[in-house]
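Each of the two complexes below includes chain A, the first together with chain B, the second together with chain C.
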Partner chain A sequence: MKKHSPILALAILIIFPMVVKSHYHQHLMILFLMWVVIGSGWNVIAGFTGQVSFGDAAFFGTGAYTAGLFATKLGLSAWWGMVFGGVAAMAIAFPFGWICFRLRGAYFALATLALNEIFRHAATIWESLTDGMVGILIMQTFVSKIPYYYIALGLAVISVLTVQIVMGSKWGYYFVSIREDQDAAESLGIHTHFYKMISLNIAAFLTGMAGALFMNYMGFIDPEVVFSLHDISIMAILVGIVGGVGTVYGPVVGAFIMVGVHEFFRTGFFGVFEGIASITGIEFLNVVDKYVGHAHVLGFGILVVLVILLLPNGVVGDWDKLVGSLIPIKKKGAMV
Partner chain B sequence: MSFFEIKNLVKQFGGLTAVNDVSFEVKKGQIFGLIGPNGSGKTTIFNLISSYYPLTSGNIIFKDQDISGFKTYKTCKSGIGRTFQVVKPLGRLSVLDNVIAAAFSAVKTKHEARDVALETLEFCSLHHRKDVLAKSLPIGDRKRLEIARAMATKPELLLLDETAAGLNPSELEGAIDLIRKIRDKGVTIIIVEHIMKVIMTISDHIHAINFGQTIAEGTPKEVASNPAVIKAYLGEEYAQG
Partner chain C sequence: MEVFLQTLVAGILKGGLYGLIGIGMTMIMGVMGIINLAHGQLMMVGMYVTFVCFHYMGIDPYIALFISMPALFLLGMVLQKYLLNPLMEVESILPENQVLMTVGIGMVLTEIARFIFSSDYKSVQTSYSSSSFFVGDISFSVALTIAFFIAVAFTVFMFWFLIKTDLGRSIRATAQDKDAALLMGVNSKRITIITFGIGSALVAAAGTLLMPIYYLFPDIGGPFTRKAFVITILGGLGSTVGAIFGGVTLGLAEAFGATYIGMAFDDMIGLLIFILVLLFLPGGFKRLTKI
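After this line comes the complex of A and B, so read on.
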C-alpha cells in the first residue's frame, strides 16, 4: 500500500482538474504543486544536507523577477523564465555558497536570512530595473487554470523524481554524511564544500523555477510578495518540517497541509466566523474574522510547536507512529 | 625514498607550542606506535597529518609527495585513512550506509561501493550489525565502525587514534586482533594509544613524545626502559631506579 501511494497520488492529481471544475480549488492545487517544488528544493539543502536555509525567497524571487524581466525588458515570453529563472537563482547560490559555506549550523542559517533581506531591499530600491514597489505586471498566457495546473504538476513530478534519484546516488550519501558529521565526512574523502555547493545549487534551481512559474501564473509580482520572509522562506521551512525533514515525499505532504492551513487562516477558518455572524447578527464575529485572517503566521508558529513536539520527524517520517496513535485497534490486531 | 615521513613538524596555537620540531619516518608495513602522556601532542600530530589543522611549519611526505597543505578530503584520497579519538559515527545512518559513504572515495558506482562496504564490515566483524543505526551502537562497536569506515576508503596508511580506549578486556583482545589483521593486509598503521598492553604488544617501532617534543624512540623494549619515558609517565623518582 505504502509503496503504491505515490503512483495513486499522481493518478488522482492527473484526474483532479477534469473532475473538479471550481477555479478556487484548482487555484489552491496549483499553489500546492508549486510548494511541492519549493519544499523539495529546501529539503535537499536543509533536510538532507543539514544546511538550514532561511532564505529560499531570495531564489524564489530571483526566479520570478527573471521571468518578469524577460517579458517587460526583453519583450520575450515570460516562460523563458522557467529555465533562466532557475539558472539565475543558481547564479546567486554559487557565490553565496562559495563564501558562506565556511559558516556552519546557525551561522549559515543567519547568512541565508541576510541574503533574503538583501534581495528584498535590492528589488525594492533598484527601481530602474524592477520598478520597485510598483511591481511587475505581465499578460497571462492562458485564461483557463488547467494549463498552469499541468505545468505545475510536471514541475512537481520532476522535482520529486530529481530528489529521489539524487538521494539514491553517491551525492545522496555524501549530502547525508555532511548533515550527520561534517568533520567525519571530510575525513572520509568527501569534499564537503563542493558537495554543499552542489546541494545548494539544486535547491536554488528548483526554487527559481517555482518562482518563474509563480510569475507566469499570477501575472503580478512585487518585492513584498516574492521576497517575503514569512510567506516564502518560512513557509518553505514549514513545508519541510511538517512533511518530514529528509524524506523524499515529505514536501508533498507538507505542501498539501501547509497550503490548506494557510488558506484556513486566510479565509477565517473557511468563513466560519463570517457565516455565524451573518446568521446570528453578532458584529463582533466579523472583527474576529478579520484578525484571524491576519494571524496566519501565529497559527503557523503553533503548528510548528505541535509538530516538533508530537511528530519530530514530520508526517511522512513519523507516519507509522501517526497511524498507530490514530487507529489503536489496528495495532492490537497486528500483535495477535 | 621513504613511505611516510614527517619533518620538523611545528604547530603553534597562539602562544602555545603544541608540537615542537617532531620528525619521524614510518616504513611500509610497520605498526608505528606514538605514545606520550595526556596533552603531549599525539592527537595534534594526527590532526596535522590529516590537515585538520594547518601546519605552522614542517613537511609531511607520503610516497615521495609533499602532502602538507592538502585539504582533509584530499589527504584521504591520497591514501591516508584516519579514525577519531572521540568517535564520529554518522548517527542517523545505518552501519552499512556509514561504510558505503566512505567506500565511494575508493570506487565509483553504488553497486561497487556496497560490495566494498559489505566486505569491509565482514573483515571488521561488524557484519551482524549492518542494519543498525550507528547512533545506537555500543562504544566497542562504534570504535570498530570508525575503523571499518576508514578501511573502506582503501588506505595505504591508517591513523588509529586511541581505538582501544574505553574497551573491556575481551573487546581489547578483539581490537588487537583486528589491528594485526589490517597490518597483514598490507596497510601501514600509525597508532596512538594509552593502554600500554596494546601498544607494547603490537608495535614494531615506538616514538615517545612529551610537551610536543620527541623524548625517545626505538623498539617497544628500548622505549619502555628509557629513563625519559619512565619519568614522563611515572615521575622523577621512578626514573632513577
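After this line comes the complex of A and C, so read on.
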C-alpha cells in the first residue's frame, strides 16, 4: 500500500481535471502543485541539509520577477522565465551561500531572513526596473486552467523526482551527514561548504521555477505578494514541517494540507458558519464568519505552534505515531 | 555641520533605545542559544499595554512602565515555560524548532493584537510628545531625551544585576555552559524562564518609552525584530556591552542614512550593516572588546 501510493496519487492527479470541472477547485490544485515544488526545494536545503531557510521568498520572487521582466522589458514570452527564473534564483543563491554558509544554525536562518527583506525592499525601491509597488501585469497565455494544471503537475513531478534521485545519490548522504553533525562530516573529508552550496542551489532553482510559474499563471505580481515573508517564506516552512522534514513525499502531503487549511480559514471554514446562519437565521454566526475570515493568519500562527509542539517531524515523519494515537483500537488490523 | 550634529544627536538618542531592545535579545540568545524572532512582537504588546493605560485610564506612559514591564515579564515567562521549554524534550530532526516556534508566537501575538485593536494606527499624544529644547542650534526632543536617559539607567541596572547579584551570576553561568551550571546547582530551566521574562520586560520598556513619539499598529513588531537581530549580530551574540554599541551604531547608521541617502532606505541600511558585519567582522564588536 505504502509503496504504491505515490503512483496512485499521480494517477489521481492526472485524471483530476477531467473529472472535476470547477475552476475554483482546479485553481486550488494548481496552487497545491506549486507549493509541492516550493516545499520540495525548502526540504532539500532545510530538511535534508539542516540549514533552515526563512528566505524562500527571495528565490520565489526572483523567479517571478525574471519571468515578468522577460515579458515587459524584453518582449519575450514569460514562459522563458521557467528556465531563466530558476537560473536567476541560483545566481542569487550562489553569492549568498558563499558568504553566509560560514554561519551555522539559527544564524544562517537569520541571514536568509535578511536576504528576503533586502529583496522585498529592493523590488519596491528600484522602480525603473520593477515598477515598484505598481507591480507587473502580463497577459495570461491560456484562458482555461487545464494547461496550467498540467504544467504545474509536470513541475511538481520533476521536483519530487529530483529530490528522490538526489537523496538516493552520494550527494544526499553528504547532505544528511551535514545535518546530523557538520564537524563530523568535515572530519570525514566532506567539503561541507561545497555541498551546502549545491543543496542551496537546487532549492533555489526549484523555488525560482515555481515563482516563474506563479507569474505566468497569475498574470500579476508585486513585491508584497512574491517577496512576502508570511505568505511565501513561512508558508514554505510550514509545508515542509507539516508534511515531514527530511522526507521525499512530506512536501506533497504538507502542501495539500496547508493549501487546504489556508482556504479553510480564508473562506470561513468553507462557509460552514454562513451556511448554518442562512438555515437557522442566527445573525451571530455571520459575525463569527467574518472574524474567522479575517483571522486566517492567526489560525496559521496557532497551527505553527501546535505542529511544532505535537508533530515535530510532520505527518509523514510521525505517521506511525499519528495513526497509533488516532485509532488505538484498530491498530492491529489497520493497513498503513 | 549643523545638519551633521543634529543627525548625530538624533542617532545617539535613538541608539540608546535600540540598545535596550538589543540587551533583551542578547540575554535570551545567551541563555537559550536561540534567536527570539518574536522580540519585536513582544515590544508591540508592551506598546499596546501602554496605549491602553494611557487611553482608557489616563496613565502617563512613564508611569505605565510599572505596568507594561511586569505584564510582559509574566507573558515572557509563560511563553518560555509552556511553549519553548517543552520543545527541548521533543525529538525532532531540526534543531531550529525553537526559532520556528518564536516565529509562530510572533504571528499569533500580531494577529491577536489586530483582532482586538484592528489595523488602525494608534498613538499616545502627551503634552511633551512634540516639544523639544535647544542646546546651541541643536534641538533635542524632550520625550526622546527622557527615554534615552531611562534606557541608560536600565542598562546600568542590568549590568549591576548581571555582575553582582546571585540571579545575575546564575544567568551568566547558564549562558556560558548550561551543563556545567546545572552541575553547580543552578536550576537552568528556571533560569531560562526568568531570562525570557527579563528580556521581554526590557523590550516592553523600550516600547513604552518609544510610545510618546511613535505610532503603533499590529505589524510594527516585524521591523523591530529585524532591528533587534541586526543589533545583536552587530554587537556579537550574547554580549551585553556589544548590544549597547550595536544599538547606538544602528541608531547612527539609520539617522545618517535617512538624512544623506533617503528615508526609503531606512530598513535597508540595517540589513546592509548586517551583511557587512558578517563579511568583515564576523562575531561583531564582541571580537574587539572581548566582553
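Throughout what follows, the second predicted complex is superposed on the first by the 315 of 336 C-alpha atoms of A that agree within 3 Å, B and C clash if a C-alpha of one lies under 4 Å from a C-alpha of the other, contacts with A are read in each partner's own complex, and residues count from 1 in each chain.
Following the convention adopted for this analysis, a residue touches a chain if its C-beta (ideal position, glycine included) is under 8 Å from a C-beta of that chain, and two chains touch if they have at least 3 such contacts.
The structure displayed is predicted, hence computed values, not measured ones.
**Student:** Figure out whether A:191 sits in contact with chain B (first) or chain C (second), or with both, or with neither.
**Tutor:** first
**Student:** Of the two partner chains, chain B (first) and chain C (second), which one does A:103 touch, if any: first, second, both, or neither?
**Tutor:** second
**Student:** Contact-wise, after the overlay, does A:298 reach chain B, chain C, both or neither (first, second, both, neither)?
**Tutor:** It touches chain C, and chain B stays clear.
**Student:** Output check: A:245 vs chain B and chain C. Expected answer is one of first, second, both, neither. What do you get?
**Tutor:** After superposition on chain A, A:245 lies in contact with chain C alone.
**Student:** For A:317, is the partner it touches chain B (first), chain C (second), both, or none of the two (neither)?
**Tutor:** A:317 sits against chain C, while chain B stays out of touch.
**Student:** Which partner does A:46 reach: the first (chain B), the second (chain C), both, or neither?
**Tutor:** Second partner only, chain C.
**Student:** A:237 contacts which: chain B (first), chain C (second), both, neither?
**Tutor:** In the superposition, A:237 contacts chain C only.
**Student:** Taking the superposition as given, does A:181 touch the first partner, chain B, the second, chain C, both, or neither?
**Tutor:** The first partner, chain B, only.
**Student:** Identify the partner contact of A:33: answer first if only chain B is touched, second if only chain C is, both if each is, neither if none is.
**Tutor:** Touch status of A:33: no partner.
**Student:** Specify the partner with more touching residues on chain A, choosing between chain B and chain C.
**Tutor:** Counting residues of chain A touched by each partner, the higher count goes to C.
**Student:** Which residues of chain A touch chain B once you look at their complex with the stated criterion?
**Tutor:** So the residues of chain A in touch with chain B come to 168-170, 173-174, 176-177, 180-181, 183-192.
**Student:** Which bits of chain A are touching chain C when the two form their complex?
**Tutor:** 46-47, 50, 52, 54, 99-100, 102-103, 105-107, 109-111, 113-114, 117-118, 121-122, 125, 179, 229-230, 234, 237, 241, 245-246, 291, 294-295, 297-298, 300-302, 304-305, 308-309, 312-313, 317
**Student:** Across the complex, what residues on chain C touch chain A?
**Tutor:** Those in contact with chain A are residues 33-35, 37, 83, 86-87, 90-97, 99-101, 103-108, 110-112, 114-115, 222, 226, 229, 233, 237, 264-265, 267-268, 271-272, 274-275, 278-279, 282.
**Student:** Show me the residue ranges of chain B that touch chain A in the complex, using the header's touch definition.
**Tutor:** 50, 52, 71-74, 76-77, 81-82, 84, 88-93, 97, 100-102, 104-105, 110, 113, 149-150, 153
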